[in-house]
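There are structures below to look over.
Look at the two complexes coming up: subunit A is in both, with subunit B in one and subunit C in the other.
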Partner chain A sequence: MLPDRHEPFKAPLITPFTLILFTVSVIGLYFLVERFVYGLGAVTNLNQGYPWGIWVIADIKIATALGSGGFAVAALIYIFNRYEYHALMRPALLAAVLGYTLGSAAAFIDLGRYWNFYHIVLPDHAQPNSIMFEVALCMLAYTAVLWIEFAPVIADRFGWTKLKRVLRPIMVFFIALGILLPVMHQSSFGSVLLVMGSKLSPLWYSQWLPLYYLITAIAMGFAAVMVEATVASHRFRVPSEQHLLARLAKIVAVLIGLFLLMRLGELWLNDALWHVVAGDRHALMFQIELALFAIGFLVFASPGGRASERWSFIGASALVFATALYRLNAAIIGIEPLDNWSYFPSVPELMVTVGFVALEILLYLILVKLFPVLHTADVPTDNSVKA
Partner chain B sequence: MTTIDRRAVLRGALGGSVAAAGSVAAPDQAAALARPPKVMPDDAVGILYDSTLCIGCKACMTGCKEANDMPVEVPASLADWNSGTWDTPIDLSGKTLNVIKVYRNGTMAEKDRAIDGFAFVKRHCLHCVDPSCVSVCPVGAMAKDPVTGIVSHDPETCIGCRYCVYGCPFGVPQFDFAGAFGKIAKCEMCSHLQAEDQTPACCDVCPTGASLFGRVDDLQAEAERRLAAAPGTSLSFPRGRLDDRGHPPNQAAVGRYIDAVYGVDEVGGTQVRYLSGVPFHMLGLPDLPARSFAAVSEGIQHTIYQNMIAPLVLLAGLLGFAHRASRRAHDPETAPLGAADGNGNGEGER
Partner chain C sequence: MTVAAQNPRRDTEIGFEACLGRDPDHPIVTLGGMTRRQLFRFCAGVAATMGLSSLAGVKMAEAAMASHRPPVIWLHGQECTGCTETLLRAFHPTLETLLLDVISLDYHDTLCVGAGHQALDHKHKVMEEFAGAYVLVTEGGTPMKDGGIYCKVGGKTQVDLVREAAEGAAAIIAIGSCASWGGIQSAYPNPTGAVGTHEVIPDKTVINVPGCPPNPYNFLSTVLYLLTFGQAPELDQLNRPTFAYGRLIHENCERRPHFDAGRFALEFGDAGHRQGFCLYKLGCKGPETPANCPAIGFGDVGHGAWPVGTGHPCFGCTEKGIGFTKPIHALAEVRTTTPPTAYPEVGAAKGEGVTPASAALVAGALGAVVGAGAMLLPRLENGPASDTDTAAAAPEPPAAEPAAPAAPAEPPAAGPDAGAPR
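Showing the complex of A and B:
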């Protein structure tokens, strides 16, 4: 057997940073307990005009978009046959496993009647007209697929060669499924909003919502991989993958360019461009979102931007925030409620979301230290010295 | 009673042009992908609410609470002077299925007048012909009766995802966020009373006939009869229900109606219809296109997922590519996502 090029990162599990993350997670957990004891109304600011809040959008739609690096990198390696990206695969896969597992957990805690949650998988309750039905089944299936894809990493750690042998012939099937399922439900996250019609600002309502959500999921997946890889190379002092990231950046530039062209073109065709400069809250949020996308696009569209580690990091970060804001805008901020409803998450509500993020980072940091996730190249680059 | 003030007036000023320019026009361009509209059952039942007949007595609210065994509601804003014995909901909620609201403008000198006037409106489920809530519910907890057309809700099935609250174009289904075990509340047109051949409570107790129960086709004919009558002339208004089991009629003057029946065309039609003396959007009844948003949403979704052909073809293609890639990479593990990758650089493999 050839030497394994993935290794657990050798560092203490308990550091000041992980202790902070742990504390923040526990605070979130405290409010979660409150949510189950006293109900959604006691913890959140949800109301009849805004029945979906930060938990649905940030913990599910945005967290899974961050985890989209898993399928985006898999597609590059296995569909576009770019094996050179394999160094990014396991870290992206771990982010996806955590993003989707916690995303599913977030969906559960947000359900007002969570004790009935299993109805979603009962055939006699199946409601194929519902986009939520498709999204839920897809998310659950994909979470399971991700764990199967991650199983070889666990097997490596414990030396379960038998498990790896069993998985070997069927893994190709799960790789394919692991690309199909997110393509389905990430686009359906956009389709979920189609029913909103006139309750959603024309700045975000579009029949192309499924395509927009798919494009931004892929772009955000790559952007998140770039951010993670850069942070990891500095924090863990492992070799930089900047030469790979620069190529990813080119793909991202094309995707975001297409996305911006379609959205602005659609507004123009619908004579709705004036909404962008209407001077109201929706216009402002759209402008911020557009600016963030534009930063990402401009950095990655220029060769100099792609080559520079610093600029790539800035561009990728801008795109992560842009997509997060796009999803917040299209699902919550862009709502035109029928009455004088307003919504801003409560402090406990925010703490649950922050707790989820902290837990995700904490688990990531722990798991890369316990399992062979990070890639160790044979030739160290000068970056490892610099960091 | 709550006020539909600033926002409603703003909509009055901007409503038409803004709606036409953007929000209403956009979904109509999805017409090509929308599935065919649903058709109302022949014997669909509904309610005709005539704002000009309503005197704001709120007997219908009390009747609704009693008939549906709903709790007394005291909003936080009124808690200072209401110790909890007096039911004072200001809007639909998890505890209130039916509410009378008032439109107010300027001096409020005259009823059913948009400027310097006021008007009542009764809000509850409109029982859409093509309901969004039924379309979006992931577990089939919302159902439309194939005979009566009544949209009902089953809390035992509901998972509490609140997609129906999110998607309803009228803001009707309400999730009770108070308490650990909330549930969706919405008007079911007193289907339990109808099963015993009785009249829905809000219509049964209405003293003026402002809320009238009947077959939707008959209610529509009744609405058109009122629109055809000369304003100010005396007319006999049925009370309770349209058939011969109603209460004795109410003789009253014909109001100055807006010449339209709300609910005929909106989002594919509704079984609750409205007559009013002021523009409907001032009463909080939104301007909506004739096509149901559910038809657009389902149409696009089922175009993408027709017979699961596209996903299966995509899966087959992905399988082929993935198989080829894993072979070419000469990965000792058949490349279970980079596991044990002896071949660090696959550059030459392409």
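Showing the complex of A and C:
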């Protein structure tokens, strides 16, 4: 059915780079054990003023935004009938599977009373009026859907044609669900922040937070797919998908342009623009965030920038950083709790996050070598390539 | 049909309830209406108040039900009868139940039915008949100056009356601050030379239940303990029951968190006072006065019914040298932890901030990611991608970039030697 060819990337599983990633993951795991033995307070710097720390922001909100390529590309292919983007689908899907699986795991470790985790799926234990409940249930459901969407890749690898036959007629349902669910919870990540009220700096607080979160999730998903594709094509020496990425970039430019217009316009209408030049910490972070978004926008808005692989990579990287910083700003840095609380992640806390990222990259590298994920015309046989 | 008619057991319950004040016109009628069950319940409550096991409550109930109720002789000296008054505010049981059913109050200066020589003769009769078996309660201070002439009953000085009654007493309880250590009349210049009971009879053990007035349950609990076990409850060095006077008011005060946080009322009615802040700076003597006032309160009306709870600083009524001696608004000497002279500001920084290690880690991780991206840059084609056919597209990068450093403009053919990080 599919004209595309996907092959496992043939390269040794163990390389110096994967060994480094493995070591970093193990360090993170060590602190995770410590977290479960001694509790959150022993490992993290979380406090009454900042009950959400780097784990929630980086490991859930940013990691799932990075994985948003999965649903953004799927929406492009299946809703807007742009089948030509199909080459990007499987890598984006793998990133989504890993991002959401580890994101759900991160939500679990960040729960103070993690042993009640299963309550969200018991209707008589759930609190259906809570946005957090919606986010949790949605993330859980989407993670399951992602694995079902990824199942054909696994079936390809092991030759389970029967499974593929069973999945094919119902897959459209899961693809639809796989687009609906992230739209729900990515915007809910923003809705959660609405209750922050005046605790959140006017630079980030907005009635439109849910929409901003959704736009940035889609934009970051595309940008992450572009970064991945560029890195993959160079590290794995597979054909460049630059012609696809250039067209994707146009969509991103529109999204980011809309996003910047809305945010700056809202600040202007609220007479809050002076906060941008207030000279304090919030203003500085906003300026950096704005500059990163502007780089991405300007690169992708100009035909030359879209056509250049190098500039596209710079623009996509800038957007990934911009969205990550936006989520960090709106959920931690821009928060000013009463009573003069301060928060900066502790070293063990950071190591868990770094370990999570390392584990995600490690699993990605291992899975593209084991499963037919990368789109390829001719898979290189050159064993000197290390990845 | 009334509830009582439906349930015969309700009759006794109602009788007991009426005693609590539902039927103020006829309280005496139901005086003996305390059932066995109710007495056990009461004694269990008292035992719990004293930190004893429920078994002790059963023993107390048995002692109270014994046919030979121990006779009590109650003497008044220099005082206001407030201590007797406070016992009227005991509701479980009422004073009447205690006096008529639990003990046998054979002589009480102000509650005697008889008067004059009749009453005094009865007192002497009881003292002889129950020599070594009766309980002596003294209320009020004893003047010692000028031969003790400042307080007399029936022509005898209070000093002589106390010594006479103490001779054959099985146990002596001094109720109130006056009897415990002299009270208000012993304050400077103490014109009558008033002292507490234990100074009048230094060779005897006097259980002191100080307070102005003391909480009635501190007295009742002490009496029941005495009757039950035949000995005094655990006493401190001033012979006060430790169950009631073992802790400073400061330790159990509901306003203590305000003290620890440095939130004080500075004037009556100021913002802090209205918000229930600590009264230490208004002169509250809680930090140097041992008593259980915050724990059990007064008047059985629930939490907060005690001086500090109503917004007035404690004036240290139970403690010699503080109550009636120290000015009411003088600062207390804090016996537990001395507060710092300067408190941290309310908005003091809380939570863990950035450390060099965590900052280095963030910078390192960020640097590694940016560095890796920068290493890749020179290998990327700075122009239309080779596998597209739009070869004519402009090779120039967008010029309008505010923050991007000048990227190398040379074609990608420059090769790996252009790999220096930006």
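Brief remarks on what is shown
FYI, the second predicted complex is superposed on the first by the 373 of 387 C-alpha atoms of A that agree within 3 Å, B and C clash if a C-alpha of one lies under 4 Å from a C-alpha of the other, contacts with A are read in each partner's own complex, and residues count from 1 in each chain.
Here, contacts are C-beta pairs under 8 Å (C-beta built on N, C-alpha and C of every residue); 3 or more make two chains touch, one makes a residue touch a chain.
The structure displayed is predicted, hence computed values, not measured ones.
Annotation for the three-chain superposition on subunit A: subunit B and subunit C clash. Contacts of A:Ile218 after superposition on the shared chain: neither subunit B nor subunit C is touched. Looking at the shared chain after the overlay, A:Val354 reaches subunit C, while subunit B stays out of its contact range. Of the two partner chains placed by superposition, only subunit C is touched by A:Ala307; subunit B is not. Ranked by how many residues of subunit A each touches, subunit B and subunit C are led by B. With both structures placed on the common chain, the touch criterion links A:Phe36 to subunit B but leaves subunit C unconnected.
Of the two partner chains placed by the overlay, subunit B and subunit C both lie in contact with A:Gly49. Applying the stated contact rule after C-alpha superposition, one finds that A:Ala106 touches neither subunit B nor subunit C. Look at A:Tyr114: by the touch rule set out above, it reaches subunit B but stays clear of subunit C.
When the two structures are aligned on the shared chain, A:Asn340 is found in touch with subunit B and with subunit C.
Superposed model on chain A: among 219-227, 309-317 or 363-371, the stretch of subunit C in collision with subunit B is 309-317, the rest showing no clash. Within subunit A, the residues touching subunit B in one complex and subunit C in the other are 47-49, 339-340.
Within the complex, the subunit A residues that touch subunit B are 1-6, 36-42, 44, 46-49, 51-52, 74, 77-79, 81-84, 86-87, 89-90, 93, 110-114, 116-117, 119-120, 122, 125-127, 129-134, 136, 149-153, 155-156, 164, 167-169, 171-173, 175-177, 179-180, 183-184, 187-188, 191-192, 194-202, 205-207, 210, 270-272, 274-275, 336-340, 375, 377-378.
Those residues of subunit A lying in contact with subunit C across their complex are 45, 47-50, 230-231, 234, 239-240, 242-243, 246, 291-292, 294-295, 298-299, 301-305, 307-311, 313-314, 317-318, 339-347, 350-351, 354.
Put simply, subunit B touches subunit A in their complex at residues 4, 6-7, 19, 21-27, 29-30, 33, 91-93, 132, 135-140, 155-163, 165-167, 169-171, 174-183, 267, 284, 286-289, 293-294, 296-298, 300-302, 304-305, 311, 314-315, 318-319, 321-326, 328-329, 332-347, 349-350. Per the touch definition, subunit C reaches subunit A in the complex via residues 347-355, 357-359, 361-362, 365, 373, 376-377, 379-388, 390, 393-398, 400-404, 407, 412.
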